[in-house]
């Protein structure tokens, strides 16, 4: 079992003929993901790797192949439009890998996607993987193994680090989800926690947060109020200097400075196990699986 | 009993210090409508007719008085904004009397109002009246009398004509609703038919349509499929020349020429009594009330 | 308000749409002069606010300036569906590889601007809709988001398999949508939407209709109004805030409210008469409006009887009565008058009329029957 | 990207916001000259990308051109929070009746641009938020609809009871929102938002932060970047597509991915060390990036040991190994190097390193502990 993607996931790759898109499309196919279509406007009618039909539009791809999920590897200026195209095409999950999407573009994309009841993961995220079933995005397949842990994280390589250590310790995963670190993204911690709570195969959850914003604090409250499954959390950025981008106005808006200390305190208050180092996940999760 | 408004309706009048707004505010107060507030930016703190407090914004008015309905008498260029202000303020019904609102403005207003679950009547409509309970808009109170007939119409004075004849014949009304004749309006025939079907006091419905569009045809199908109460209908414009505004493209879009003949045929097919003259409503309704 | 082809094209150009340079002229000599400037064959196109001008002979291909002059002399002054051609557009003739149709219209059912595009352009889009509806693609635009690039490109690919043409068409869709929204249109159309043998996209003919409700806040557009090309009585009515449409019958109708006005005309017909017009004096009438309404109606020599049908709501019936009395003083009527009047200030109104020897009925049916009879009975 | 006050004000002016004319100068003599032009008292304002420049003495009121010259000579070259003042803005001093605060920021929780307005302006908005939060009104804008007139007017009435001022403020809100959206801002602020004794509204100070993701498609804004006012190492890093922030510790860190970079720094601290920097080489690394990263880190004389922590996903670890080898050839290191490296092409990477006498760990914890020890142990 898994969340969001599984063996039935039928994937369309937007930007399949580009540098990143073609590389990762192959990787996903090798992992066993059903890549049923690709999209590159102007290359409709071609075949990718001799097997995957390429279309001019996502609408054409979905109509012809019944794809239910899209993954996006298009350059930043076109990514917001690509997300909306996917959301309008009838797929139920859109995963946007592209980094560098305009935040104001996302203020428009977010309600567009929500209105259609489509789940968006990202942008600027590594995607997700349900070990042994399907992989959508760029998480290296070989560091994962099937098992009982749900993993959700705001960062890419830190996720790999934790998953790698879990796998080395013989602790497998149901699904590993990278929600992305951009200010405005489609899926947050709570969405993933809710899905893991419902997934019978998931027995414990590893959650990796970062400084900035209040997502982790809200997730902690959600865990306390709605979850029966154990959660172990980590916050990166204890030593980071105060964010310089948003300055103080950002902290006023969110009613929080978004520091690591604040987030760790919220975890502790809400019964979430706190990993002080990435490697601590192994023992904390193992104890909770018993 | 009645639909949309009743004795509990607490009304805020937008544009209460203007020429039309002040005239009709007085008329509504005389009829017994609870006019609890007025709005004119810059006149906050004044009293209208010595009793009704005036506010700078609808938000202020609603917060201070608990108004649940708004009626709008502001000039056309400001009417769309006024509707959205009302919809955002927390009232559940907005009635826009203003004629001449830009149709493209309405393409923006419509989703705004829908998203908030607010009912909009109009623009370019005479409003509505529940005889003996409340009047919101400009329908002359003295032509109405309480009774069992629900009246819904796209036009103003034609409504008066029919209601007047019903009243003279001793047939009263639960609520008379003028939905307005603009291309894009907030409430259509079906919305009103649905409300009348649910209202226990309404025993029969008089419906006055016009040439153009397909609202009447859709209403006819709705009557056939969902209504137990009898409906009598009339279509104005049998002798009108083909509309010159939209030309043929409009007819292609709607898949219909929107002629009176087409609409009357739809009525007949769906079991709606057809009044050939306005005065025919009296006998047709009387027969259905027995 | 309808714009002429040349006006719509001027707006297209402002929004970056590629459309051939042209010149509007009012004399055959000027047509020849303009044709000379374009060095090559030209089209001479009647500028009138009706469809089907091509079939009526109002659009001609001319190889030489002399031919342009000759054709212009035939087209200028020509009657097309009751309107006189006052102006012709001289534009260079284009080489055509394909002709498509692209239009936007506000759709009352979807409550949105809707694109209609078809690769089968050039001819009447009505005919395409009737015979091969699958050749038309509709796309409703959510104005909250605007026309998004992917949507424009989907429309582009519906027209052309070739990616370069699809992208080019998508760009024109964006430009046309921007022009539509910025100018408060209820319709904007490019037909034919032409691709030349060298792959260039051209808006060869254009049409725009502006929502009349926008004109108060868009004086630049109001200034484009070509009153000379409209029916003078309708222009007169509009300038006096009356809605008037001339018809062919003999019972002149003056009513308050569009719905009641149509119902009154229908009732005239029901009793065997023929309405001479649609005339709505609107909501808040004043005596002046009534005077103007009577002036416009009586100018129509077909009118054999005049019928007032006034239901006073906002309209004060005493205002109407005063207007009637004033108008009759200025210009005594040559045809019989029937007045139906009820509602706000009815007693005052009846007294004003009675003081001037006029009667009024309070019953619509009765009044209509009488008017039909006075106009000469059922036709 | 932060804009200077004078740059933000230039943009404000483009959008119709009333803001005093000013002149940017880099020498005291030019300051005097500029002050003379404004005939009257002026403000001399340091143009640096940090808050609190007023408290630091970077903003001065001057009655005469001579005083402006004298104050400018003190402010130019001054250090404010580690940045040297290179430019001052000379602007006419304004008469102030009231000072309000108006700002827009993209809020991650609401996922919308949010207005913050307060009649208590002029001072730090943080202090208002902390002590009298009821004095701040927040308004989230739905970008699908934009800031609507009634919303702007609500904000205006929150600031001023007087309808004329409320309408004037509402207009500025609309202009500021337009400037914010058109320039891809993450923050735009007017503080103080001044009303003069004669009732004029003035944006007396302005701030704008541009979303870095917008700069590629907005070259005009990228051109406003003032590299001289930034930390040279951070400029160097950005120009080489690295994200670098200098800190005060002695363990130089080179990591791929922001989250792992922060976790690595935290682990350095956990084991008693102090990170010298945040440095993210990003996803698709190439050897050149590694060379640049090492150059930037080794320029910091505080650095006593260098730690690589690379988890190869998209990043190919052999690219990183090649980069290390190349960099060391060009500039042999003077401090010890610890390499942790695992993931994509790990075997190739290890071989490359081994061929050049370098070792690598596959364990993050072990590598961090070693780096801390080599830098001199727990502090």
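Order of writing sets the chain letters: A, B, C and D. Residues in each chain are counted from 1.
Here is the rule we use: contacts are C-beta pairs under 8 Å (C-beta built on N, C-alpha and C of every residue); 3 or more make two chains touch, one makes a residue touch a chain.
Computed from a predicted structure; not experimentally measured.
Relative to subunit A, the chain whose mean Cα position lies farthest away is C.
Centres computed as Cα averages put subunit A at a distance of 49 Å from subunit B. Between subunit B and subunit C, the centres computed from C-alpha atoms are 28 Å apart.
Once the centre of each chain is set as its mean CA position, subunit B and subunit D turn out to be 55 Å apart. Residue positions 108 of subunit B each touch two or more of the other chains. Within subunit C, the positions touching two or more other chains are listed as 144-145. Taken as a contact graph, with one node per protein chain and an edge wherever two chains touch, the assembly fits none of the named shapes, being neither a line, a ring, a star nor a complete graph. The complete set of chain-chain contacts reads A-C, A-D, B-C, B-D, C-D. Within the complex formed with subunit D, the subunit B residues making contact are 41-44, 56-60, 78, 81-82, 84-85, 88, 108, 112.
Considering their complex, residues 20, 76-77, 99-104, 106-108, 110-111, 126, 138-140, 143, 153-161, 164, 181, 183-184, 208, 210-215, 234, 236-241, 244-254, 260, 276-279 of subunit B touch subunit C.
On the side of subunit D, the complex with subunit B involves touching residues 145, 148-151, 153-154, 157, 163-164, 166-167.
By the touch rule above, subunit D contacts subunit A in their complex via residues 51, 103, 105-109, 111-114, 116, 124-126, 129, 136, 138, 142-144, 181, 184-187, 189, 209, 211, 213-214, 216-217, 245, 247, 255-260, 262-263, 265-270, 275, 278, 283-284, 311-315, 342-344, 364-365. On the subunit D side of its complex with subunit C, the touching residues are 144-145.
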